[in-house]
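Two complexes follow with chain A in common, the first pairing it with chain B and the second with chain C.
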Partner chain A sequence: MKKIIKNPYSHFILLGLVLLTLPYLAEAGAIRNSTVTVIGTTIIYTIAALGLNVLLGFSGLISLGTAGFMGLAAYISAYVTETMALPFEVAVMAAIGIPTLLGILVGILSLKFEGIYLGIATLVVAEILREIFINVTPFTGGATGALAGRPVLAGTFQLNRIQTYYLIVVVMVLIFILIHNLTKGHLGRALNAMRGSEAAAQAMGVNIFKYRLIAFGIATVLAAVSGVLYVHYVGLSYPTTWNLMLSLDFLAIIVVGGFRSIFGTFIGSFIIFAMSELFLKPIPALANITPLVKGILIIIFILYYPNGLANIKHQVSHWLVRRKGKRDAFGQTKAEKKNLTRAEVRENDTV
Partner chain B sequence: MANFIGVFLRSLEYGSFYALSALSIILVYKTSYTTNFAQATLGMFNTFLVATLVMRQGWSLYAAIPIGIVSAVILGVLIDIVIIRRATKAGPVGKQIITLGLISVFLGLTPIIFGVDNLSLPRFVSSGTLTIMGTPFSYNALFNILFGIFIMLTMFATIQKTKIGLAIRTTASNETTARIMGVPTKTVTMAAWAVAIVLSMISGLMTAPYSSVSLTFMNDVQITAFLATVVGGFATFHGPVIAAYGISVLLNIFQVYMPSGTIWGKPLLYAVLLLIMYFKPYGIFGKQRLKKV
Partner chain C sequence: MTPSKTKELALKIEDVSIAFGGLKAVDNLSFAIERHEIFGLIGPNGAGKTTIFNCITQFYKADSGSIHFINAKGKETDLMDLSVHEIIDEGIVRTFQNVELIRELSIMDNVLIGAHHVMKQPLLGQLFNRKAIRKDEAESREKAEKILAFLDIEHLKDLIAGSQPYGVQKKVEIARTLMSDPELIILDEPAAGLNDTETKELAMRIKQIRETYQTTILLVEHDMRLVMDICDHICAISFGKRIAVGTPKEIQSNPEVQKAYLGEEGELE
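Moving on to the complex of A and B:
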């Protein structure tokens, strides 16, 4: 039993099960229907942010192009299902394959860039994509946006809004497990080494070229998956959605949630996207201050809590140990030491 | 030929918008070691202040500008004291994300303080055109070009020839050593933030008459300015400024002389710049910083 509780897979599955109950709660009237929609979108953003977290958190490579890749996948999926009228599965393959190839190409370019140069290079790629979204109207619908229906699985099962939500939750749990496995294994160690020092990692036999490409590949695949889910869940895609601000929001998620943490990414995404939608926007007086609160949160977290909310688990356990009292080399707490007799103290000293 | 001169002069005018923003970015980068993503948003905030004074309170533009400058300086000092100075523990990426937080804060503050409507701003020189070799050209554009070049030259003269400039250059090259040598690095950083925000505001005031004062009207300028800093390299002060004028000329040439250039000029320019970045990853004027392992 303890093994099952400690197993990280069961944590992910439990989170998935909790999220799956939300539509029932909405039907029972405990929460509003719009809440489920907001949570669904938040999960979609979590997936893209997780990709960026693998890239930035593990390998230390910054990307400001996440929104561009996500948008590209959304438009391809909408185009393949609506205009070309091909099955959903084909759309998914095209919408993940094409951005991933592009992402790997950026990875090849990235070998030349470091730090902020890389950030701006990826920003340039995203801006080129955004110009394409605005101007290639036959493909993207231009400023009026592209429309997409809910997914039809295997050509027969037409999903409705709630079933699409289930699909999103299932995809999220699968991706969490996959990323957990990848980062806990050889790949995670190699990326960690690369972040510490590229030269040292190279000396230890880590192929920088290969792992940079893999890191960019993972980030783009997850951005693409999230883009596909977005366009079929929300139903449309405007060029204005996929701008720099969205990429910056993904960065904020990682900072608030915590680098290299899967649950942290989820919590961060909840705070950045869902909290303002659920708690601030319904109150008219507070609706306008959403970006203000978001910005202040980001700054406070960087200044005073740079490890993110994922660190809270360690801090709580640390605090509990301290409350119980720190034990010294003899296994005595401060409170116990106060009660020692002089002879006992001397005995301690001579040991 | 007349057409070309018109294109070239327009490039110079837009070049000054980009160059002012690029100089603002590089000043902060050199003294605080962070790329200031909030540059455009802070410029937008102060432009909104000036536009509100002019449009809502009926002030003259020239009376409102000093108020804008004072507000920009106060903002710069506050941001440095309250946030940047305390971010010693944050790494380079952490500091960048702080500036992203600033974007969000000011995007939230602006509609609360100045209202949600877009404003318009008059030109510096309200009327009059002159003809240069058969090309009609407004006095305002000429003023923008000359004023931009004047600010650049003043800044470079200050940085290269004066004691203040020496303090900025030492802080930029090595902050710890500069502090040991008695350079007040904290004051230098604070002043750099203040000047950077004033430069952004001037760039905003120049851009605003050609569009409207909205929450996002500076974004295009900011992205081009970032490209200019990367293509010019973060190593020097003059690199980004020269690159900004160069990019502006290239963009206008692509947009005017290419078939369907108004649509594809910008993406093509971005692709060309990406290629330049690939072959010159530390900028045209930059050099690689060697680091020991």
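Moving on to the complex of A and C:
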């Protein structure tokens, strides 16, 4: 039992199960249907943000192009299913494959550009993509956007809105598990090393070129999955959606949620997207200040919680122990602190 | 222990030079290291010691000269043909003058990075956390625990590396080198920042490492007592140039060395 509770997979699955109940709650009238849609979209954004977290959080590489890659996948999937009338599965492969190849090319750029320059380079790529979204009308529908239907699985199962939501939740849980697998071991250590000390990483045999490409590859695959789910859930794709603001939102998610934390990415996505959609935008007076609220949140987190929400619970328990420690006259504090930090590491490992 | 009588060489540095702008950081430097010996490189600050380490490990490409490594099987490799990340595959591993750890990771994870090049884990296998991957991870962890126990820091293994005192961090760096099954360990000022007791322990450890892990050790160190105590041979350099090579005794009594190096920094013991 303890093993099951400790197992991170079960955390992801539990989260998935909770999310799966939302449509029932909506049917029962406990929450609005539109809330389910917002949460579905939030999950979609979580996936792209998790990709950015692998890139930035683990590998220390910045990208301001997430929205561009997500949009590219959305358009490809819409085009392949609608215009070419090919199966959904084919669309998924094309919509993940093409952006990922492009993402890996950008990874090659990352060897030439460091830090802020890499940010600018990725932004340029995303802006070029946006020009394509606006101007290559036969492919994207230009300013009027591209339409896409709900997924048809294996050529026969036409999903409705709620079933598509289920699909999104299942994909999220799968991705959480796979990314957990990838980041908790060999690859995760290599990416961490690359971020933490490039010199040590190289001395230990980490091929920086290879791992930068892998990091960009993972980030784009996730952005692409996110784009595919988006276009078939929301039903359309406008060029204005895939702008710098969206890429910055993904950055904000990580800052607020926590670097290198899967759950943190989910929570951050909730705060940055769902909160503003559900609580700020319905109130006209607040709708316009949404970007301001996000900006303030980012500043607060960078200043006071640089490790994001994922770490706040550790800080709280640290604080509690320290208080307890003061009352303890038997030198227990050190041991307690030690245990705590151990637990913390384990948590960080699994989250 | 004296070096083996057959005097097999492990590392040959011949006429290596490298300049930064007009400054010749390493100037026609040659020395050779025998297998299984502890070799010290000494010289005043800025003499080019770290630079030569960087040339050996290919962080810098030497302007001229040659650097050859002969592994335990007798295979000779021109290190200048390799990239930085390929050096460890030859069995050469290093530490850094300013400890280079992944601060946010646990000590265990930091040590495990040392096994990066021995772990052959295909991405797909990792993605699905296949049995072979789990086995590899578990075995590596066990190996890391043994190394940490050897260095007396096993109880700290789950703590965050960056929050540890300097002495522990330096041990973690050494543990990481041992994790890579090294033939040649290159230590850049391993005693810097350590107190007297820690330095004494370090001297013992370095000798132990050579015996237990059957390695050759090349080190830069300012602590003369440590160098004289543990090294089989020493090379003294100044302004990138070699001034003397010999046993600790020979180096101690060498007038050139005394003039160039020890004269300014204090007396030799």
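In this section, the second predicted complex is superposed on the first by the 322 of 351 C-alpha atoms of A that agree within 3 Å, B and C clash if a C-alpha of one lies under 4 Å from a C-alpha of the other, contacts with A are read in each partner's own complex, and residues count from 1 in each chain.
Assume a contact is a pair of C-beta atoms (placed from the backbone, for glycine too) under 8 Å apart; a residue touches a chain by one contact, two chains touch by 3 or more.
Small disclaimer: the values here were computed from a predicted structure and weren't measured.
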Which partner reaches more residues of chain A (counting touched residues only), chain B or chain C
B
First (chain B), second (chain C), both or neither: which does A:37 touch?
neither
Partner chain(s) touched by A:199 [first = chain B, second = chain C, both, neither]:
both
Using the touch definition from the top, say if A:311 reaches chain B (first), chain C (second), both or neither.
neither
Of the partners chain B and chain C, which touch A:255 in the superposed model: first, second, both, neither?
first
May I ask you to decide whether A:116 touches chain B, chain C, both, or neither, giving the answer as first, second, both or neither?
first
Please work out whether A:181 is in contact with chain B alone, chain C alone, both, or neither, and reply first, second, both or neither.
second
Partner chain(s) touched by A:214 [first = chain B, second = chain C, both, neither]
second
Starting from the residues of chain A touching chain B, keep only those that also touch chain C in the other complex, and list them.
197, 199-200
In the complex of these two chains, what residues of chain A are touching chain B?
56, 62, 109, 112-117, 119-121, 123-125, 127-128, 131-132, 135, 197, 199-200, 243-245, 248, 251-252, 255, 288-299, 302-303, 306
Which bits of chain B are touching chain A when the two form their complex?
35, 37, 83, 86-87, 89-90, 92-98, 100-109, 111-112, 219, 223, 226-227, 229-230, 234, 263-264, 266-267, 270-271, 273-274, 277-278, 281-282, 293
Enumerate the contact residues on chain C facing chain A in the complex.
57, 59, 83-89, 93-94, 96, 100-106, 109, 112-114, 116-117, 119, 121, 123, 126-129, 133, 136-137, 158-160, 163, 176, 180
Tell me, which parts of chain A touch chain C in their complex?
178, 181-182, 185-187, 189-190, 192-193, 195-197, 199-208, 214, 260, 338, 341-342, 344-346, 349
